[in-house]
Amino acid sequence: MTGLLRRQLWGIMRLEIRRLFLSRMSLVVYLLAFAPAILLIGHATFETRYRQRLRSIAKTHKPLAGLDQVYPGMSMQQVVERLGRPYAQRFGRRGSPTVFYQYTDGTTNLTVVFMQGYVWRLLYREPTSLPEYLRLLSGIFNLYYLRLGIFFGAVWVFASLFRGQILDKTIHYYLLCPVRREVLMAGKYLAGLLSMILVFDLGVLFQWIGTLWLFDKATLAGYLDQSSLRQLLTCVAVTALGCLGYGSVFTAVGLIFRNPIVPAAAILAWEQINPFLPAALKPLGMIHYLQSLLPSSAKLDQQIPPMISLLIRPGEPARPTVAVIWIVTVSLVLLAVCCVLARRLQVNYATD
Amino acid sequence: MPFDSAQPVIELSRLTVRFGTRPILKGLDARLYGTSIGLLGPNGAGKSTLIHTLLGMCPVAEGTAKVMGHDIRKEQRRIRSFVGYMPEGDAYIADMSAVAMVRMMGELSGLPPEAALERAHEVLFYVGLGEARYRRLGTFSQGMRQLAKLAQAVVHGPRLLILDEPTNGLDPAARTRMIRLIQQIRSSGKVHILLCSHLLADVEQICQEVVILKDGWLIADVDLDAQRRCDRRFLDVEVWDGADQFAGAMAGLGCTCSSSGQGRISMILPEGLHLQQVYQTIVDLDVPIRRLSYRTDSLEQIFLRAMESADGGL
Amino acid sequence: MSHDLVVLEDVCRFYGEVLGVNHINLSIGPGITSLVGPNGSGKTTLLSLIAGLIRPSKGRISVLGYRPDQPQQLMRILGYATQFDSFPMGLTGLGLIYSLLRMSGYPHSDCRKMANQALEQVGLVQDSHRRIGAYSKGMKQRLKLACAIAHQPQVLLLDEPLNGLDPLIRATIIQMLRRLGREGRHVIISSHVLNEVEMISDQVVLLSGGYVAAEGPIHTVRTEIKDQPMEFLIQCDKPRLLACSIFQHDHVVEARLLPEDQGLLVKTRDANQFCRTICRLALGQVQIHGIIPTDDNVRSIYEYLVGNQEASK
Amino acid sequence: MAVYKQQYRPYEGPRTSPIWRFLVPLRYSYAKILQSRLLVLLLALCMFYPCACATIIYLSHNSPALAALRLRSGILPQVDGRFFYFFCTVQGSLAFVLTALIGPGLVWPDLANGALALYLSRPFARLEYVASKMTILVLLLSTITWLPGLVLFAIQAGCVGWDWAVDNAWLAGAILVASIVWIVVLSLIGLALSAWVRWRTAAGVAVLAVYFVGAGLGRAINNIWQTRYGYLIDLGEVMNTVWAGLFRYYRGPGLSPVHAWLMLLLVCLVCIKALASKVRGLEVVR
């Protein structure tokens, strides 16, 4: 019997995983998961080439003094005396009396903006440092990935597990198999979970790879020594937990509601206003616990505007064990509800 | 007949249509004159493609076709203005009333708005949707939608009516009604009908001439009345019970009998055996029969014969 | 509960206020059974109830002793080809059946074999590696059939199985269904095309407005309708003479000459007796070459039992 | 007494000219669209800003009224390129909302129920079909964009005098061109999404998503890469650049107008391609 059960589970999962990975619908999920990674990787390639370019320019057009030796108000002549000829110069849009001079020392790029012959602005472009990048990564994870990416991915994948097939009028193929409805439920959920975790964790990994790629081994070694690898692992784990939790929520939503978009929007709104809720209501939701699991973001606070830091920081973080237990328990309870719903599911497309 | 019988309704000359590189119609040649033409063929033989091509929805690769003397490559618009088309699948505008949709379709075919309104009411009454004509089409049942489709196909008074599977999905009462309507339209003598259907029984009731397609080739062009033969050697008998006993007795007289269940027996009478002897056997054995008739060729047999000979010929 | 019957006991099903089926009592044995009735008479509801895709509001259903709410057992012996032309996205014909069999728990090699067998039976082997999206309507129809018969079920429910099939394939499918019926399987078909129903089915169930209007073998059903005398078309060389002699018999209630020597239409209250009489008369001086019952078919039964309501609608 | 049997009759009356036939579906669509109360309300709301503008123009040339309201004349904005630029921005956004509301219901129902076969089997070409559907949006959006814009221009001309009107004739042209470009882009996007997204609400959301996701993503690209090309996928920014160019109003660094125009052209082409592949008399079988 257990052999049969295993075969059935696998049978459901292989069909579902294929459906989730290969259909046109899954493009949305890929986009949600990989958009930040693509942007970061694209940026990394751009940035490496830019730095190479700066380095090669600096060899031929080395400025005579440090780039911090010019000040607003200097005349064009003074600037040229101090730094030498710029490696590039550009004029403002037709009619406007601005001129741009570019200097570089190999790492930093300086654009001097002259207004009617006098320095008006100095635009420094310095290479971003590793900690800054990590801040960016953690911001992306917190603001985009957790709140929008995984959320919408889960809506898309899990709500469509049943509802999508009911709308497609294809659920009866599954129900006409000699499979317990509970097994069917479990198979579908596991398939959704596996593919979600795979896609989104890959997304996280790619984001990190795209970022770390910019730095040489020495910098990275220092970074890995700081055991910040834990941050990555936490992100991976939190992604998985998020998929698990939102997955069960939206499986249930897909079974209950004819149009899952409306409850999904309601849940989204609820999760978004979580930081502003009174303390008693905060624990009712996923995002509170997921954020509690993230490494403390105290380091980030100085540079982030207060509104956003409010969004990122859970008011009173729950203990990690509590958070994990809560998420898993809620998921299990919801899955049990789903099983009951699946048992009672009737195929009656005409009146749906 | 008010038609110029010298001019074919549809004339195909080396008509070839391809989807991508896949040929769907492979050089059809035919001149069809009948008032009601049936278009038959297995799935994927190119029936629908032929219809779409005649309406100018598929690009022609080679050759050409003429509908009522108008070239489909040059006078598409002209052809479409005197053709009424009833598509195969669902075709309706859910949030319009029947009369509004039929009227709009009439206007699109070039009727002035007032005339279109008159015609819309008229044809809706005619197809039997009079009571329902102010209802939204979205609330119609399948059968009513079929009728609405027919109504929009005739609203502009077409000279050629193309019907693609008109009885599909209809329940028996609606099917009978639809066939009666098409027969009526045909017998008005003002419209040619091109009917495409899988239900040979329906084609048989409506059409005089049948064209059979297979794999993009035209394999037969049959005048139904001429082809219907009645072979006096084949006899169908149905009995209440005792089929085996009866068949045994007839075999004794030299008949080849085959039973197809439920008391149905098909017999081939040998030369010289008189029908009287069959009756004699029935009376002698006291077999309770309920049917006795010569077998006439149904369209199905004509169709199957055509398919077989095409296989042999290729 | 009987173990070779599909039994429905006082089954009702409502969708909100809409009637699906009402007080259905049926027991269906092996062989081919056809469900006939107008649209909305509850054919699909009945099939879905038997398959357990929907639950009855009231009443009990047993399929060869299994309950419809135990899919893990029932679906091993039941196959259902629904009326919906939809398929899971992105699969090939073979892939679909294979996947469904895998889902049922058969091992890989069995699945391949069974799927191929099923496809062969419906004549889809050539196209089994094409995507279902590219299938024509008839091919989809056949694929549904293949899905339903792949695990060789004892009970086969088919909702409009011949819809959209061309005559050639129609013939092969009918042959296959007949074979399944002869093998002693329960084949339950819903259909709109009455002359096909007549050709293939051992018995009919006539539904109207959610109720069973008639059930049983066609000819038995016809004789049960006592208030409509049966009508025969007699083709002979001397119709007038035959008409005179036929009126001697009590059971003949009406005889009408058709124009152009097409024959004689006779209405009788006792068909059996009438046929005997005709056969005897055929031995006499009238040459009779056709005794054709004109209303001993599903169409007539349908019209007598359902048609009146249709007309009033 | 005579008996008239009801039977099929052919039509032998006159036929209408084919040129204006694409306006036929328009009539039926308007009858339907204007039944929606929400829409009528929204249309009324869209007139709020033009009315306010008209009041401002009127007041700025009517010193007694200004004095009565105790306003200084300098407080009211100048009627120039900038004024109309903002007018276009406001009305353009409203036009966008209207498109999101109406657009999805245009093509999709016909596709869903196979009605295209009915349209296209008549002497009615695909182009005419698209034209008729587009005209619905174009007319509706015109009433809230360039029509009130030109009315404002006329009011201003009336208040100031003929010379101003002659000197600033380019403004009237700019209003017209700016509005029409935006309307064409919007209606194409609306129709294309309506043809591709199978569900009405989803199509509405998709129209909004094109705008907002584009904007968000564009900003993200700009931030990460420190460039301005991210704005290219931000439809609002692209359009604002085009408008700013037309109204000769400098908005600070951003896209170059040439790029913006090219982007708009690209969007239109993509939409036309999408429409062409969906608006067909028959389903394409692979």
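Going in written order, the chains are labelled A, B, C and D, and every chain counts its residues from 1.
What we mean here is this: a contact is a pair of C-beta atoms (placed from the backbone, for glycine too) under 8 Å apart; a residue touches a chain by one contact, two chains touch by 3 or more.
All figures in this text were calculated on a predicted structure; none of them were measured in a lab.
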| item | value |
| --- | --- |
| Contacts common to chain A and chain B (chain labels) | C, D |
| Taking each chain's C-alpha mean as its centre, the one farthest from chain D | C |
| CA centroid of chain A to CA centroid of chain C, Å | 57 |
| CA centroid of chain B to CA centroid of chain C, Å | 23 |
| Separation of chain B from chain D, taking each centre as the mean of its C-alpha atoms, in whole Å | 48 |
| For chain A, residues contacting two or more additional chains | none |
| Residues of chain D whose C-beta touches two or more other chains | 285 |
| Touch list for chain A against partner chain D, complex | 35, 39-40, 42-43, 46, 125, 259, 261 |
| Residues of chain D defined as touching chain A within the complex | 201-202, 205, 217, 220-221, 224-226 |
| Chain B to chain D touching residues, read off their complex | 19, 48, 52, 55, 57-58, 77-78, 80-81, 83, 85, 87, 89-96, 100, 104-105, 107-112, 115, 119, 122, 125-126, 149, 152, 154-159, 184-185, 188, 190-191 |
| List of chain B residues in touch with chain C within their complex | 40-45, 141-143, 165, 168-175, 198-201, 240, 261-262, 275-276, 279-280, 282-283, 286, 288-294, 300, 303-304, 307 |
| Residues of chain C touching chain B in the complex | 36-40, 136-139, 160, 163-171, 178, 192-195, 202, 217, 219, 235, 271-272, 275-276, 279-280, 282-283, 287-293, 296, 299, 302, 306-307, 310-311 |
